[in-house]
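Data first, discussion second: the structure below is written as structure tokens.
Every chain is named by a letter (A, B and C) in the order it is written, and numbering of its residues begins at 1.
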Amino acid sequence: MPLWTIYHTPNVFSGKEKPELANSITDVYVAVGLPRFYVITVFKEIDPDDLYVGGEQAETAVRIVVDHVARTQPDKAARERATRHLGGVLRPYLDRPGLHWEFHVDETSGELWMINGLVPPPMHSEAEREWARTNRSRPYTAAV
Amino acid sequence: MPLWTIYHTPNVFSGKEKPELANSITDVYVAVGLPRFYVITVFKEIDPDDLYVGGEQAETAVRIVVDHVARTQPDKAARERATRHLGGVLRPYLDRPGLHWEFHVDETSGELWMINGLVPPPMHSEAEREWARTNRSRPYTAAV
Amino acid sequence: MPLWTIYHTPNVFSGKEKPELANSITDVYVAVGLPRFYVITVFKEIDPDDLYVGGEQAETAVRIVVDHVARTQPDKAARERATRHLGGVLRPYLDRPGLHWEFHVDETSGELWMINGLVPPPMHSEAEREWARTNRSRPYTAAV
């Protein structure tokens, strides 16, 4: 459900760092009860010719778009807390001399969302807990 | 206006299936009166090294982001109906053993949208009907 | 903060036009006080096999997604004005026979946004002016 699209110039992430970062990102959501498989991370290398920061070709830059579906933050304080938390996950990978990095989060409706042909179970439902426990989707009855 | 961005691992779609799926997607919107050319479908193959589901490298996965501009669903029931309808369009292409697939829809403002340098005509206007009939944009007077 | 993702078929932009357009886009935001480095422009060439307009393979097409974070337009009139303004920036590059082009803008929360590990300073604050003047991020005290 959270989709992380990570645009980056070449040589920012080693082959080992990509799955590490994807795992660190996933852990954030698993900690609040989401099934691991809800979290998708896409890395997209962008040639410096194709990435401009302030109109200048970027040497080393990372721009991340996070889509949060279904679990929106209730207020300003919660949004700011979430932002700092996600920043903390990224910092070990991205706080380096000369690397420009930025992310923002978009929040969209959980009623416009489907996984493996199924409408995902309601937040905090027994079915969601089972999807989390088994780390897979499964048809469920809406009542549970 | 609807933009479908389809991230997929290699070998999910044959060359023939891409235009087929793009056409099936387009038909959904044409059925409710939109000009065909409003519907854009972008396929983006992602190397398994660059696509993680729950922090694990994905063997075979499809993650779709749908941007709906201008025509937002009025309520929860309509959103859920739309979701099931779009899921039904995708299912023949994506319900396969071992393939993980997910989509979500973002809804944005029709007042922040332009095609070929023109502000598209109002929903259900005569100008919109003409754009649909001719399948092309054309300057129009705001009144019609 | 504004992120421009520009999907285009091959041979739409020359190597010279990419930084030119990225600069023209950046100027729009600098004119209203944003630091230049807030503006990110990403060009993504899409093979015609992978880009469909109305279900048909696109010969020459440009589809742009603009993410506006933190500075949302207050009302319909402002949104329409912004749209025409952005269209005017693109027109010199895209109004060509046979080229289909479209953009839309998504507006998201400025409370879900971070640059170089910092929560960006409030709109019109002294710290924001300094970031704009120096064209770089710097820790600041929230009060200024």
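Throughout what follows, contacts are C-beta pairs under 8 Å (C-beta built on N, C-alpha and C of every residue); 3 or more make two chains touch, one makes a residue touch a chain.
As the structure is a prediction and not an experimental result, all values here were calculated from the model.
Taking the definition of touch as given, a chain qualifies here only if it contacts subunit A and subunit B alike; those chains are C. Least-squares overlay of CA atoms from subunit B onto subunit C yields a rotation of 120° to the nearest 5.
Two copies of one sequence, subunit A and subunit C, touch each other mainly through non-matching residues, since under half of the numbers at the interface are common to both. Here the spacing of subunit A and subunit C, counted between their Cα centres, is 22 Å. Residues of subunit B in contact with two or more other chains: 106. Interface residues of subunit B, counted against subunit A in their complex, comprise 7, 46, 49-57, 61, 63, 65-66, 73, 76, 79-80, 82-84, 86-87, 90-91, 94-95, 100-107. On subunit B, the positions that touch subunit C within their shared complex are 1, 3, 15, 18-19, 22-23, 25-27, 35-45, 67, 69, 106, 108-109, 111-117, 119, 135.
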